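The structure appears right after this line, and notes come after that.
The chains carry the letters A, B, C and D, assigned in the order they are written, with residues numbered from 1 in each.
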Amino acid sequence: MRYEITLNDQVFLVEVNKTETGYTYAIDGGEEQHCSAERLSFNRHALLFRQRSVDVQYSLDEDAEIHFEGRRYVANIMDPRKKSIKMASGGSGDVVRSQMPGRVISILVSEGDTVSKGQIVATVEAMKMENPLKAPRDGVIASVDVAPGDLLEAKGVLLSLRPVD
Amino acid sequence: MRYEITLNDQVFLVEVNKTETGYTYAIDGGEEQHCSAERLSFNRHALLFRQRSVDVQYSLDEDAEIHFEGRRYVANIMDPRKKSIKMASGGSGDVVRSQMPGRVISILVSEGDTVSKGQIVATVEAMKMENPLKAPRDGVIASVDVAPGDLLEAKGVLLSLRPVD
Amino acid sequence: MSGLPKKILVANRGEIAVRVMRSCHELGIQTVAVYSEVDRKALHVRMANEAYCIGPAPSSQSYLRGDAILEVAKESGADAIHPGYGFLSENAGFAQKVLDAGLVWIGPKPFAIQAMGSKTESRARMVAAGVPVVPGGTEPIVSPEEALSIANDMGYPVMIKASAGGGGKGMREVSKEEELIPAFNAARSEARNSFGDDSVYIEKRIIRPRHVEVQVLADQHGTVVHLFERDCSIQRRHQKVVEESPCPVLLPETRRAMTQVAIQAAKAVHYEGAGTIEFLLGEDQSFYFLEMNTRLQVEHPITEMVTGVDLVQAQIRVASGEALSFSQEDLQQKGHAIECRVYAEDAANNWAPSPGLLRCYTEPSGPSIRVDSGVYEGSEVTVYYDPMVSKLVVWGENRADAIRRLKRALNEYQILGIQTSIPFFQALMDDADFLSGVYDTGFLTQEKMNQLTAYDDSIDPDLVAALAILALEKDLTLKPAVSKRQHSKWKWFYQEKR
Amino acid sequence: MSGLPKKILVANRGEIAVRVMRSCHELGIQTVAVYSEVDRKALHVRMANEAYCIGPAPSSQSYLRGDAILEVAKESGADAIHPGYGFLSENAGFAQKVLDAGLVWIGPKPFAIQAMGSKTESRARMVAAGVPVVPGGTEPIVSPEEALSIANDMGYPVMIKASAGGGGKGMREVSKEEELIPAFNAARSEARNSFGDDSVYIEKRIIRPRHVEVQVLADQHGTVVHLFERDCSIQRRHQKVVEESPCPVLLPETRRAMTQVAIQAAKAVHYEGAGTIEFLLGEDQSFYFLEMNTRLQVEHPITEMVTGVDLVQAQIRVASGEALSFSQEDLQQKGHAIECRVYAEDAANNWAPSPGLLRCYTEPSGPSIRVDSGVYEGSEVTVYYDPMVSKLVVWGENRADAIRRLKRALNEYQILGIQTSIPFFQALMDDADFLSGVYDTGFLTQEKMNQLTAYDDSIDPDLVAALAILALEKDLTLKPAVSKRQHSKWKWFYQEKR
């Protein structure tokens, strides 16, 4: 089985197979390696990479979230055979969302503007505070979907991005 | 729905039904009462009996086990419509088992002996210690199924009981 | 003495309600929880012996409804009310109603709450009691001209503050004369909008101040003791983020003077119960009364860890009329304790709240670690209340030991489903300025926040492999239909920043 | 000084391995776990940075295999070994091999382990060092006549003990002359069968003795300090069940004398690291050396709680050559700590082991509570090792507070799938004799056990309703086929006794 895994804007192609003693895998066509993976509960595995012991908690239900060596990561895991589906539903970082229900206070960009990753593009009032929303990557504003004063649901989309031409 | 619940040798017949706000139940034909039951995880519920708050952990997979107000209980829960099945497979407390794998050291009773609840009827060596096994209730030894020296699996049966005539 | 209460209603939610109930249960006292409609499954409801719903989610319709809470007290037969912190804890009117209903109020008398509740009144009382206050008038200033003259006399920088203020609202710092009048007008307008009262006053701005507070405990027989200080200088938007005890820079003679002043302050309002006197500490060890909190503090566990006193048990005992069971001489400050307030917030994104379902939640454990929490795996952090997830409190033989232990504990925390301030704390515990102990309330500048939340782009190949293995394991155990849906789903991705 | 180790191999399993690793991680030291085939998913493996399988489940083929463990140390590049307690911790030969391999052994020198390992040798050394021992010869007694003459001189009751003994094997109490010779012969034969060595000796039997032990800590520079005492008199079959510090009946002058003697004893064998000198304490406050444990004790957390010293950190530091960072004067015994060893055992059924899957496992939490555990929900207590589930340790300002807290914590523990000793502890915490603090090692008589495990037959109707509701909820969510199987299944039933 193959997965395309995106983490921190880096994409990895992993070939992984189950064996009698665990799993073998190769990242980006590299050397095949072995890992022992024991299920502890519905959201926890004990992994052994060679002799390195890593205890992970994870949730693959909505986002692919994992807690690995003291840190939380959110990843995108894709089956490349279904890549077309991904393209249709939008590439990663193609929209700016509000994580919480709230109200749009300001939109700081217009359609066609070029933005850089981390640039504040809008502010939303939620939980009695103003929260700045940043562009998830470099790009061009493809559409502005809301106006100041609009109410937003959790994960509501404010803007969409397209690649820099 | 009706359940026959056995706890501490006492048998209760409970009529229970789901409602919009929780459950109604009546024990042994008594007054109908209400309980709010919220699922917290696969093995935990938050119950409210009238205003009394009780947090339970439970496992209905093998034994019916529950942790209720600081104490663990093991119960037998039966659907009375299937009572015949219960009779076929043996009434509660009809056998003496070893909880652990081990070896039979001694059998202190013979077929036909009358025993009282709590009487030591056999000893088993397990985990480097001698462990006495007690009769689960008053009764007559119906059969002795093992001999000293025999190896036992976990939950292995040593003796069976029948009611006092 | 009529003995301890038999049943205490805890008029709060979250970790503090749970923590109060634990002390009640240890004293053999029954507990009554109140809860809002969204809190049916909250930990404090599960922990209580009885629980009563008092209204919809918004606090104004539930946890702030004194009438509904008194109803529940009556119905349940509770004979005392513990207010926790926040909500009704510093509401003198509610405290009076509790007393009028013949119940024990586990807090100071309404008079003391009232006297310390207004910045202007408390300041005047403290001046009268000989407690040092920040130079400046306590009187509301009405004209810009008067403001200018006072500020010029005092010397810049100065602070303009709202009399009824709190949380930084109606507050302005002015560093030179020409900025004063615009700032004065802006502060008044903000105060009017926020509190319906445009009274403001001016005080001297202390340079590089630390926030140091003293815990006091008073019984109804006139005995007041202090339980040493807490340093709460690590703040963002005037909210405490990390607290420690002892204060790393407080000199022994300053500690002696400050704790004596705190006892004076408490005695000035005939204080009863647990309270906290907050001070600004200057670089020169001068200190000035800020305000008194007439309730338990969020950060009380660090005091419990260095002194060994159970403050909630002490609150219950003194509210029941018992004399303090220990004297000042019995109290020592042993070792060093630090608390991190773990919030459902994204520190890297201007502390944006991150409510949601706790898909995974595992707390650290081990020697000298305490986690006070009101959540559990599967529970939800909602938008309705303070998004604190839990408080991680550690103790060590000294500050360096405590920090080492904190780092280990932060690494053991496993929380998924929301973003938390844990990565921020992990970075903070490696920050040279924090480690030096020499910092002030201005520590978390934008520049420092940028450093502490800098993105580490490196990816461990074993992490990538772990994700592939878990995905495969999931695919192998799921039915094809479900797994298809799983793969076609678009996912947002990022790494938690630190 | 060469600094702390970079990587420590923990040659143990269960809670003690986890506890040791936590201190390592706090010091920034990498950890290596070893594990047997059944322990792949054990908590200590999950906690470590690296893990190596060393053989099948039986200890003799895994955790006792010094050669395999040294192999792993070499392969992993570990520069030190911590043995925990049990297994190889008091094996002088293994300690020597560790040193020969050029690694740091986190324990005393092999000479000290050896000297204190034999009852006869250690007794002789202690007598030479001026340490009081129980009256009686340390020399093996070979003839019944000699035994009789010694016992008659000493006065009855006397104890016959195996020189190579432990765990009560080869031990006989004799209360009158005519019983002596049969008991002497029986003890020799049992000693021969158990230890392959029939040497026995006779000592005076102390009436109503308490087991009180002193924790010592010694560096490589000749400094030895004590960390006060632990009372471990609540025992069953000579196994400790509950421990507390301080000892509730020890007079201050006896404490002073006993701790001084403990330091003398440690110095007599040039002790290094953490060790424990066990004494019998008579009703008249006389005390007698029993033996020295040359390793960390199971019950070390209560000492950590009353003194604030992290004993594992201290062990690592002194093994690395550091001088102790504190002096005797810095150490205080503050408040009261109690430990309950929660075992997978049925106290009501003669402590029969109850291995199995932990279907539910929730630990208590809150102020001044520590749970040291090597298990988790979903893990298994196997028949291969000591069936300890976890250690519940609490601290209180005084003994009454600690007991109150313990009761609350025991009620918060939720364990399903196995029987544990928790109901026993719950009953013990209400026992008037235990509460009085006046008890001895004979406390747990059969009669007392019967009282403490008396069956409470009353059934709460809400419990019955809860079971019906959960059964219905399960039936409603399960497919018919599965639910049919569920109902037809015969079930064993009983209530956990207390």
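Keep this in mind: contacts are C-beta pairs under 8 Å (C-beta built on N, C-alpha and C of every residue); 3 or more make two chains touch, one makes a residue touch a chain.
Since we're looking at a predicted model, the values are computed, not measured.
Taking A-C and A-D together, the chain pair joined by more C-beta contacts is A-C.
Separation between the centroids of chain A and chain C, computed from CA atoms only, is 33 Å. Centre to centre, using the average C-alpha position, chain A and chain B are separated by 49 Å. One simple way to say how far apart two chains are is to compare their mean CA positions; for chain C and chain D this gives 40 Å. Annotation for chain D: residues touching 2 or more other chains are 411. Among all residues of chain B, those that touch two or more other chains are 52. Pairs of chains meeting the touch criterion are A-C, A-D, B-C, B-D, C-D. For chain D in complex with chain C, the touching residues are 18-19, 22-23, 25-28, 301, 304, 308-310, 313, 326, 332, 334-335, 363, 365-373, 395, 397, 401, 404-405, 407-408, 411.
For chain C in complex with chain B, the residues that touch the partner chain are 33, 40-41, 45-52, 75-76, 376-379. For chain B in complex with chain C, the residues that touch the partner chain are 36, 38, 40-41, 46, 48, 51-53, 55.
Remark: chain B residues 1, 3, 5-8, 10, 12, 14, 16-18, 23, 25, 27, 33, 35, 37, 39, 43-45, 47, 49, 52, 54, 56-79, 82, 85-86, 89-90, 92-93, 97, 99-101, 126-127, 129, 131-132, 134, 136, 154 touch chain D in the complex. Of all the residues in chain D, the ones that touch chain B in their complex are 349-350, 352-356, 359-360, 362, 383, 387, 410-412, 414-417, 419-420, 422-423, 426, 455, 457, 459-476, 484, 486-496, 498.
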